[in-house]
Every structure is written in structure tokens, then in C-alpha cells.
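In what comes next, subunit A is part of two complexes: it sits with subunit B in the first one and with subunit C in the second one.
Moving on to the complex of A and B:
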């Protein structure tokens, strides 16, 4: 009947008061055991990027920001480009496997399991339109779908394709330095006017924040007032 | 998918309840359940459960169709088989027997003398075939609110007649090789052995623990186990079955049997054990669960305890849908399944002490609605007492009982020490329990809750567990608080209700009248009924007899949630008015006991006050009165002295609900004339006719003056005095008085609020 999206076992592992009385959900979801393997980011987190500050040493935390964000914000070129990122979970091994299955092995439906959490988190942000991170046509052909768009669609949003890709290299094959310092990889789609709009972008992982910031920057240059983002994982 | 198993069990129960009661309440429960399914579980689940319900509806309808009698009342001769060993108690015996047409009967026989009794005890066993001459009698339905409905009880066991045996003939032992009869007779022999070898105090408990026979336990002792909420220890259930099955299993493995073989052996032993211990619902539940679990294991299917109990429940209901109405069945399944469903919650608390408290707590909470419905009271001490007594019984008393009995069979003299030890432990425990029952609020009488309160209580309890498990403790606490408030409301309902009542209980030949005034302004009981005592020889005396006070008046009051009366008015010292008082006063306190001043000495001779605790005894006579603000009460009789007990009756004039009531006690013509003369302006709307409507009371002169609209006559069904007398009835009819008779109508109740009220009667 209703099985776990990830491990495909039956959702109810045992008969207890809760499982007897709770509302039967027809929506695809993760079972209790899989859910328990997600690490929710809790406690103090970086005001901008949601990184957990718990494990960071004191010298890497400045005014409630992690050192990375602090550096971004110190740079006048990048200051306030991304106003806030919210991530659901810490990027642990389990989530890594799950995202790989979702993104590279085409298990599109997995995103449905995050729907509830995504919707809940999205209420904390304020936005008018949702823009997906574009994929190059080769990647899109390879994967069959755009994971960023999938996330927005699962939240019931209508993605506005405001961005396109200038070239095709995979981000994940690059080093940190390369990622941060390379030139712009996104282009604004012709005729887009984002004046005065607040924009939400979604991506699967926030690692260095460079992808999201590059995208934000283009959107800001196109007139967006504020850009915020949601990601499943915070690397 | 697994949850569907629980839902199916609930659906089966809902369908059977709805089909058998077919009233608003049952359909209301069904509607709530169906909407729960639709909203929370979706249309697919609803469809599956509707199918389950139709199946069980059909099973019930089919069984109900078969559950009718084929015997005629006039039939004098019967060929029957004893399907059980007759229960002999005092000067009579009763048992269930089967006619040659397969219908079950309840057989009752009175013994002529001790020899007759001995002969019967020694010779009549299960499987005996006899030819009987006797009279068929319909069992009584309940004639009073909250009293035991024998007719329904027997109907649910597919018994429609009581056969009073006049002659037993040509008895022979048939069915020699019937295996079940053999087992039943072994059980009987075991019980006999216990009765012979164990001490008087310990034989009851030993019989209960070893053979599931609780009938030999001393009433006082049983009562203290009930009050303290540990009576379940005395019925064979999961605890015993687990210990026994586990013990045999380990022993077998120690002796070199394989696990597989031991499983097979247990599958044979468990059903035998169930028969040996009397096949009560908790035994069947526990053995059934074990059998289902083991059977599935043979096919390599492993299921959880929660699944097992659901399957056991569904099978049991399918085989005998009537069992759903058995309190033992309800409690056994509810308590066990609620513990299994709470496994998540309990496992959260690692501390052993907290866990054992939780187990005890969960059992008490989950059985609340059932306990209130059947017994009107809850043992609050039970939560703590169980924490001590469950391990005590599991690890010491039960093993000791099994050990002593086993040794007794093997080598009787060696068992003596064990039996003495067993006796000493039980005596010691009983001493403690007896002290504990004296602790205030160890047991709280709530009264029978109205339907809506029961439904809300059940809903809240389910909610508490749902939120507790979901870790939404705030919601759980709110619901817990609501349960507390509901119980408080139920406890104090007497003081909140704007309704009052005057109920004339049917205590057979005798009087007992209950008056409850609105908003707790007063609860009075006029007389307690009672039976004449016959001098009996020792062999004739029963271990438990029916007694009006204990079996009619006390349950009635407890069902109303009353444990304290403002006044107990004992009109005059005749047994049919005060006989029940001693037993009533055991459980019910009375602030004031009013007695007739003219015959004080006679009350004392009758030992009315043996159980009086905190009461003031007030002798009253003509002129005594009191008011409650709304109601007025005046005493019109007795005079200072009286030569005759009836003429000394307290006569009470009451103004209730703006109507005048006249309660005459047993006053006769002479007294009536005196009152008529003394109070020429006396009128009454309602007259409790004097002296059960005898020839010497309710005179034309008196009725003519009082001009009542209604008269209530409290008399026993086909009593030996011929009360009420035709003359009295004629007088009342001549004055156009509407008559209610407890011998015809059962209990008669007048319920009122402010000025309006209506009569209702128990029997249609």
C-alpha cells in the first residue's frame, strides 16, 4: 500500500496508538526510520547560510555569521547579494546517497518526501517569484529533469525561467577556489524584468554558496530587490 | 496494512454491537467510527472495513437467528446431559445441561437432606445422562435499575430456561470417552483435592490460580481484591499462560527436545490447559494468542503481539459474537491490547520503576470506561497496589501454588509444609490488603456515567495516548485535564443536577424507597427491604446467597454514584423493611439513621446497627420535621408508644416537586384513622400505600380524605401473603387512584425537575 520513498518498506513498522489513530497519508513520504537518519540543522546557525555554528570554533564565527559568509559580506561586490539561505538538513552520508539517487539516477519522486518541510521553511521567507537554477542542455538531457525546478514544483510554485547557462561544466567537478573565483556562469534570459521583485531560488545543496550567489547577482542586476534561497542540504 | 488488523477488530465489534442493540446509541457510535475511517483513513480503508462489518453483521444475525428456544413451557420431561460438573452450594446445586435436541438449560435442584447432597456430589459429573422431571421457568430480567440482568446474561450464553428439577431418574454415565468431559472431571477432582487439603483461607485463591475457579474465595477477601483493583490476579490470564508455557518450553529444551518439537507440544497443551481452567474469556484470550503465535511460527510467519491480539479478537468474535458483552472479555482484551499499543511510549522510559508504574497506570486509564459502565467504581489505589502485587503473584504466589499442588499429587505428606507456607503468605497479604481498603478513596464510586460522558471519556483517553506517543505533550496534558474534569463532573453530578427522583425499588416483599433531591439538597432512603431468615443447618448454608440489600439496594445506589446518604429512615423493625440495612451500611454511609421512637428496643434486637460507622441514630415520632429550603418533610406517626410494630411505623409526609407525598410504612387501618382524625385537612398527591396493600390498610375512609392521584404499592411478586389485597385495590380504584405496583412493574421511578415530573417503570 503505502511504502517509504527511500527504503520501500512498509511505512508503519508497528501497531501503536499513533499509527492506529493518525491520519493515513496518501502522499509519498519517508518511513520513520529513514526520517530519523536526516540530521535537522538545529541550534545556532549562520544568519545567512544556515550553517550550523555548533561545531565551529569561536574564531570562525563573527557576529552570528560563519567565516565564509562574513568574507562574502565584507566583499563590496558580493555584499547582500544573497539575503538569506535556509537549508533543511546537514549534508550527511545518508542525504548524500539520497541526493545522488535523486539527481544522478533519476529518482524524481524522492523530492516529494521533502514537500512538507520545504513548504514549512518557505513560509519563513518572503518572495514573489521562484526561479530555478538552470542546467545546461547536455545535463538536462542526461538527467531528464532539473532538480532545482523539481523542488520548486513540489512546493506548488510556478518556476520562472529567468536564468540560462553560459557554459556547461559541472560544478561538482571543480575545486573550491575555482568555484568561488571563476567568472559568471549564468545569463539573464532576454526581456526579463525583475524590478522590485523578491525572488526565491532552490537548489539541492549549498556547499560554498557560490552557485547561489552567482545566480542571485544576475537576478539583482536585473532589478530584483531581494534574493533568498532554500536548499535541502547544507554541506 | 497492519493497522487494518486493529480496525477490523474494531469493525467487528462495532457491527455486532450495532446489530444486536439497534438503538440510537449504537448507531451513534457506528456513525462516529465510520466518519473516523473516512476522514482519517481514506475511502479505501472505509470500504475494506465496511466489508468486514457486513461479514460480522451477518455472522451475528445468523447466530441471533439460531439463539431461540425450541422448548415449550409445559414440557415436563427432559433427557439431558450434564455438560459440566454441577456446582453444589449449600442446599442446592446448579449447572448447565444440554437437552437431546441440543438446547442448553440451566438446571437447578434443591437437596432433600445431607445424604442427598453427598450422593449428588460424589456421583454426578460431566457427561452424565439423566431423565428429568421438572418445571421450566423463564429467567428474571432485571427488575431494578443497575441490578444484574440474569435473563440477558443467560441469553448471551444461549440459555433460555431455568429447569427446576423435581425428579432425577435413570442416570447413567455416558460419553465415557468424551475427551472434554474427561478434562472437566479432572478439573473437578483437582478442585476437590484443593478443597480437602488446603486451609479454608487459601483454598479459594489456590482454586482460582490453578483452575480458574474464583467461586470458593471468601466474599470479604474477594471484595478487598476488587476494591484494590487486583482482582484480575485471581483470574487466569496472560500472566499464568506465559509463565506456564515459558516454563514448559524451557524445561523441554533442557531435556533435549528441539524448539520445533516444543512448539508442537505447547500447541497441544495450551488448549487442554484452557479447558482445565474453566474456559473463561481471559484464559481463551491468552491461550488463543499463544496458539495463533505458535501456529504462524510453524509457517515461518513472525507477527507482533499487537497483531496476535487483533487476530485472536477477530477469531473469538467470529466464533461467539455474544462474548463482546462479557465484562471479562472486554477488560482482558482492552487492557492487554492497550499495553501492546503503548510499547513505544513505555520504551521511552528506561527506568524499571517508572515502567512498571506506567504499565499499571495505562491499564487503569484504559479500563476506566469499562469499569465505570459495569461496576460504577474505580480503584485508585490499584495503580500502586498492582506495582507490588503483580510481581509478587508472578514470582512467588503463583509458582508456590503450582509447586504445592504438584507435590500434593506426587506425595501428599510432603506438600503439607508448602501448603502451610502458602497459607501464611496469603494470610499476611490479606492482612495488609484489609488495612489498605480502609484508606479513604482507595476506591472511588462514580456512579454509572451517562452515554455521552462515556463516549467523551473514551475519545479523550485515545487522544491522550495519541498525543503522548506523538510527543505533543501539551495536547496530551490538556486532554488529561479534560478527563480529570469529566471524572469530577461525574463524581459531583449529584450536586449539579437539576433533576431529582423518587424511586420505589422492587425488593420483593418489602419496602425500599430512594429519594434524591435536585442540586444535592438531600439523598434519603426509606427502608432497605430484606428477607426473612430461616434457621438452616450447616450443610444447607450457601457460601454466597442473594441478599436484597447487597444485591439490589447497594448496586442501585452505587450506580447513582451514591456512597453517602443524608438520612436512612427505617420505618419500623420488621425484616422486610430493615433486613437489608446491615449489608447496605457496609458500603454506604448514612449521616443520620431515623428510627421509630416507639419500638427502639426491637431495632437493637435485630442487629441493624452492626456495620454503622459514622452515623447518628435519631429516634423520631409524630411532630418531627425538617426542610431543605425547597422541600418539607413532616413525620405524622408514631405516637409515644405502640403495642404493634406495624402501628409504630414512621409515616412521612413530604413536599417534593410541589407535590405532596405520603409514605405510610406498614401502617394499618387503626393508624390511618388516627392520622385522619388528627389532620383533617391532610391531602396528598402521591400515596405509598401502607403495609404492601394489605387487607388491613388503605381504608376507604382514609383514601377518601387524602384524595391521592397516584398510589404506589410495594409488594413482592406472588408473595405468600397475597399482597396487595383485592379490597385495598378496590378502594383505590373506587376513588379513581392510578396504581403502580412493584410486583407488576418492577422498580417505579418518579423523575422531576422543579415542578414537572413523570413516572417510569422498569418492566414494560
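Moving on to the complex of A and C:
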């Protein structure tokens, strides 16, 4: 397939010695035009969540952390729960459309277009196992796949299903405060021992960071040494 | 609620389940069953995914058991090739696999129609198999006081005849002929006979433009507007105005299928439309194609006597169509790179600016257009650029119409549907592939639309003449000649 994964524009065939010698079929990818519409988060980023600090007023940046992360870290209950999140791109309109097609329309293969970037970013993190964010069984049936698992699989990782959902309510119906202080939304799968393990989790978007932190907390309570995360987008 | 929903889902999708083996669709429904008329109206003539039937999940099962609804497999395999049961796609590049949690297998899915929700190996498409919903016969559905021109009238009569006799017809009408009015009597005839009509066009913009016009002239008729993101999908609609894409959700639904602007997407339209229209129309039905620039496929069908056609070579206002000028302007790309507008082009624009003539300048690509925009803004600050994904596209066209901006740079997106008094048009890089004969004819068709200003300049600036440019000029001259011969223009 020599067309852009997203816009189906025909990709220019760059024949190099490498491709001739290896006779490799090309991996699915995005065209130049589409790639140029991804906004890499540039400049200073929050040390924890990858948020760009560039547009933030001074009072919203504390010791290299955005105010949100600073608040999380001030709370002894949440301190150090998530060591680091790396996001590939800003959640702009283009990525919003692309993620919607991937997640809601169900165009699974789009994740393959991010493979190279995900692999590159994952080398900056330290982990022994990869754990997907679980979906409720209703949601999983509706979508037909779990986007978090799809991301990990695209990186060639074997997801360890250490977490399950404790209830199925839609997250977006609640306010941020409710979400943050809500009772646990994830449970540890029986018999999971994560003692001394470094864990990687993946999600499509980092918005408030509360989903990732709730998941991380359970993993840390189960003995994980540290938990870090990768997301496609930083909202 | 949610548990119920999930268990239903599981019963429909688990691979071991055999209760729902009703894949044959021609079962005779049991007469004793008290079926839901809502479901009948909703599902008649459609083929929908389980997810699209959310309001009917609870009652779907009993309708299947009693033979009033049925399903067929979303994907089928023929000669080792996948075929999508919804969109008819059989291009192997547009199928791919994913680990499916519904069927716990690696499931193949169609990417061609993915924006309508995923059709995969384990998907079922549900249809109505009970008695078809009968639309009412409307006595006097048409409330229109206007009159047709001589040329429109003869086309209108043929369209009515096509509806009455379930025939096919190509209406080849030049830009500005007033082709929508040609349909009024044909649609009226269909509604009087209790027929279901679909007017399909490739572009959402056109749907949005046609719907209010038809709602005004057919005030009692239920009209459903269907396009990506429309909220009228639940309406049955005796008259459906839809993007061609949405046609894929229908199955043997329409007695009359009218396809407007058949050629709007020249590369894919023929194949896709063929599939969509075959699927959505009834076996006995009529089909009317409406276009200013028929594809070579349609033209050859006319030539071989396989398709009836009627040509309207003249505009409603009885003046000839402006013939484009071809002007060599050297390497415009090089010129833009040097931050200069080629002199002949600059002269063309300055003249329009001095005389306050609104203009459109068509570019072959967004990138070149955006690079060139600052150069044009040096000539006039308010010149703006539009392209397909520009959220302010409509507002910008309105400002051009109202004289708030002197002119717009645009991609081919504005080649259709824009009618602005006194408008003139130029093409930059007319030799580029994207400017097909039909695109160029459409662009020329933007000029001289209004009876008060029936003329105007159309210039194709180029770096070498192409066959498309020459064909476009020939096409327009031929239409003008025919119009003169038939006495349809006043000069």
C-alpha cells in the first residue's frame, strides 16, 4: 500500500538503496502533507506531563511543572504516582479528527502511522512491562477494540492486563473535581504482582491526567516501582 | 439498561451463537405478528449496522424471529476477494485487519466507508423484510408559481416521462440553465403516485442548498436531508436529499433516483455511484442524471443508445456562455518563488480591482495559493483565500457577494455552486492535472450567471496548453452553437 494512511494521497516513491536491497514493503504511514499538520510540542515542557509551558503565564509554572501537575505533586496521596508522561503532539483540530476516526469510527490501522514516533519516544522512558487502560465491557463491545491496547501492540509490546474497570460510567459526564476525587475507577486484576516493576501505560489523549494517575496509583499500590505514560495527544 | 444492551450485543455477535441464523432474507413473515410501524418506517429500504439501530435494540430480535427483519453479512468473499456489503468496495488496498473484541478474531474491515462506522467480517447489516412501508399519494404536492424556459420545459417533460415509465435519463444542462427547476414536475409526478424519491449529490454544500428550495416548493412532503453529521437520519422521508455517500445506507429503497453533479469527483465517482445507486434504487425504478459536464462513460452510453438524453445548451437568461481566453504566463511557480505575480496576471487583477469587479482566482493546490496570498494582498489588503477545510469558507463567499472583499483566491472547491453578479474568473496553472475539462467548464460556468450581467471575462493563465483546456473551450463553443441553432439565445 503506497498511499497515505489517512488522506489516501499517493505517497511519492522514494526509492533508496536501502529499499532496493532489503526489498521491504513499506510500512503504513502518513504523507508529508498530513505529517506537517501534526504539531510537535516544542520548547519548554512541563517536566511531568509534557504540556507546553510556552504560552503559560509565569504564575502557572512552578519549578518547571505546570500548575496542574504541581497541585497533584503537592497532594501526598498523588505525589510521584505518575513519574512522567510523554505526549507526541498537541491536540489540534487535525489530530482531533484523526483520533475520532481511529477511536469512534473504528479505523484501527491509523495507529500504525504513529509507530515510529511511539517507538522513538518510548526509548526515553524506563519500563519492563506495558499495561493498557481498560475499557468497560460495554465500551469494548461498542468500539471493537481498546485504543490503549492498540497503541502498545503497535510498539511491538505484549500488553499485560493488570487492570480492570470497576464501573462503567462515562467519564465526560463528570466535572474535573468529581473525577479527581471520585472513588477508584480501576481495580487490580486478581493475583497481579508488580513488585519492583517499571510500568508503561498508553492512552490516546492526556487531558487532565486523572485517568492515567488513577491507573498508576493502582499499579503502584500493587508494588510497581514507577509508572510512566505515553499519549498521542496532549489536550 | 446497559447490561441489557451488552447482553443483546453479545447475542448478536458471539461466534458460537446460532439462534440468529436468519441470513436468508426472503422469508415470509408470519401474519399474526403485531410489528412496529416505527421500525418498519425506519428500516424499510435500508441496510444498517446494529449500532445504528440503537432505538430499536429491544424489539429487533422479535422482529427477526417473526421474519419481519433480517440481516446479511457485512463482508462477503467472492473469488478470494472481499466485498463490502454496504459500499460495494472490493479494492483490496481498502481492506485491513484488526484484532476484534466482538468476535475475538482478526477481523477484516472496509476502510472505504469507515466514516459511517465500521463494517467488518463479523458485522451484520440489518434490513426490513416485512411488508414495505407505503408512502401516501399526494394530490397536489407542488407549490411553485414559477415558469420554465422553452429549453427547461422540454427537459422537464422528458424527466416526467422517465418517472412515469421507470426509465433512465441524462439531463445535460449548461451551468446556469436552471436545472433544479427542471426536476420540480418530475418529483411532483412521483409524489402523486406515492413513490419515494432520492435526490443525491456528491457534496454536502449542495444538499444544504437544495433542501430549503425543495421544502419551499413541496411544503407538505416529508423531506429528509442526509449528509455526514446530519441529525435527520431517523426520518424516513418520502423525498430524501442526500450526499451520494449516504446512499450506501439504503437498499432497494427508491422508485426515483436523481443524481445531481454526477461528475463532481471525476476519479472515483463513476464506480462508487454505480455501486451506490444500484444498491439504493428499487429493481423497477427510474434514474435521472443531472450534470453540466457528463463523464465520458455517460457520453458513450448515450452514443451507443443505452441512455436517453436531453441537452439544454442555453442558459435561463438566453445569453451565450462566456468563452474562456487562454493566456500564456510563463512559469508562474518560478515567478511566485521570486515573490512576483506574473505581469499578465497582475494586469488582469488590477483591472478588476480598478473597476470593482468581483473575481475568483483558482489555484491548483493549497500550498501554492497560500504562498501567493501575501503577493496578492499587496495589490489589495482584503483579498482572501479559501479551501475545502476552511471553516470560514461560507462567510468569505458571502463577503465577496456583498462586496466586502474584492476577490478570493480558491482551490477547485468553489468551481461549483457559487453565483455572484458580475463575477469574473481566472485560473492560475490551468495546465495542472487537477484542472480537468469538467473543472474548467464549471469554472467558466461561474461567470455571467445573472440576467442583468450575462457576460464577463474568464481567463486561463497557463504554462503550456493542455488537451483539457482545449476541450473545455470546444465544449463551451459547441453548446453556444447548439443554442443558436435551436434559437435558444438572443444576441
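FYI, the second predicted complex is superposed on the first by the 220 of 235 C-alpha atoms of A that agree within 3 Å, B and C clash if a C-alpha of one lies under 4 Å from a C-alpha of the other, contacts with A are read in each partner's own complex, and residues count from 1 in each chain.
Note that in this section a residue touches a chain if its C-beta (ideal position, glycine included) is under 8 Å from a C-beta of that chain, and two chains touch if they have at least 3 such contacts.
Note that the structure is a prediction, hence the values are computed from the model and not measured.
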Message: Under the stated touch criterion, which partner chain does A:141 make contact with: subunit B (first), subunit C (second), both, or neither?
response: second
Message: Contacts for A:161 in the overlay, against subunit B (first) and subunit C (second): which applies, first, second, both or neither?
response: neither
Field: Dominant toucher of subunit A (residue count), subunit B or subunit C
entry: C
Query: Which holds for A:10: it touches subunit B only (first), subunit C only (second), both, or neither?
result: first
Message: Quick check for you: in the superposed arrangement, does A:116 touch first (subunit B), second (subunit C), both or neither?
response: neither
Message: Looking at A:107 after the superposition, I want to know if it touches subunit B, subunit C, both of them or none. Which is it: first, second, both, neither?
response: second
Message: After overlaying the two complexes on chain A, where does the subunit B footprint on subunit A coincide with the subunit C footprint?
response: 1
Message: List the residues on subunit B that touch subunit A in their complex, please.
response: 1-3, 5-7, 39-42, 45, 304, 306-307, 310, 340-345, 462, 465-466, 468-470
Message: Show me the residue ranges of subunit A that touch subunit B in the complex, using the header's touch definition.
response: 1, 10, 12, 14-24, 26
Task: Going by the contact rule at the top, pick out the subunit C residues touching subunit A in the complex.
output: 2, 5-6, 9-10, 13, 51, 93, 96, 98-102, 107, 109, 111, 114-118, 120
- prompt: Any idea which subunit A residues touch subunit C in the complex?
  reply: 1, 3, 101, 105-109, 137-138, 140-146, 150, 153, 168
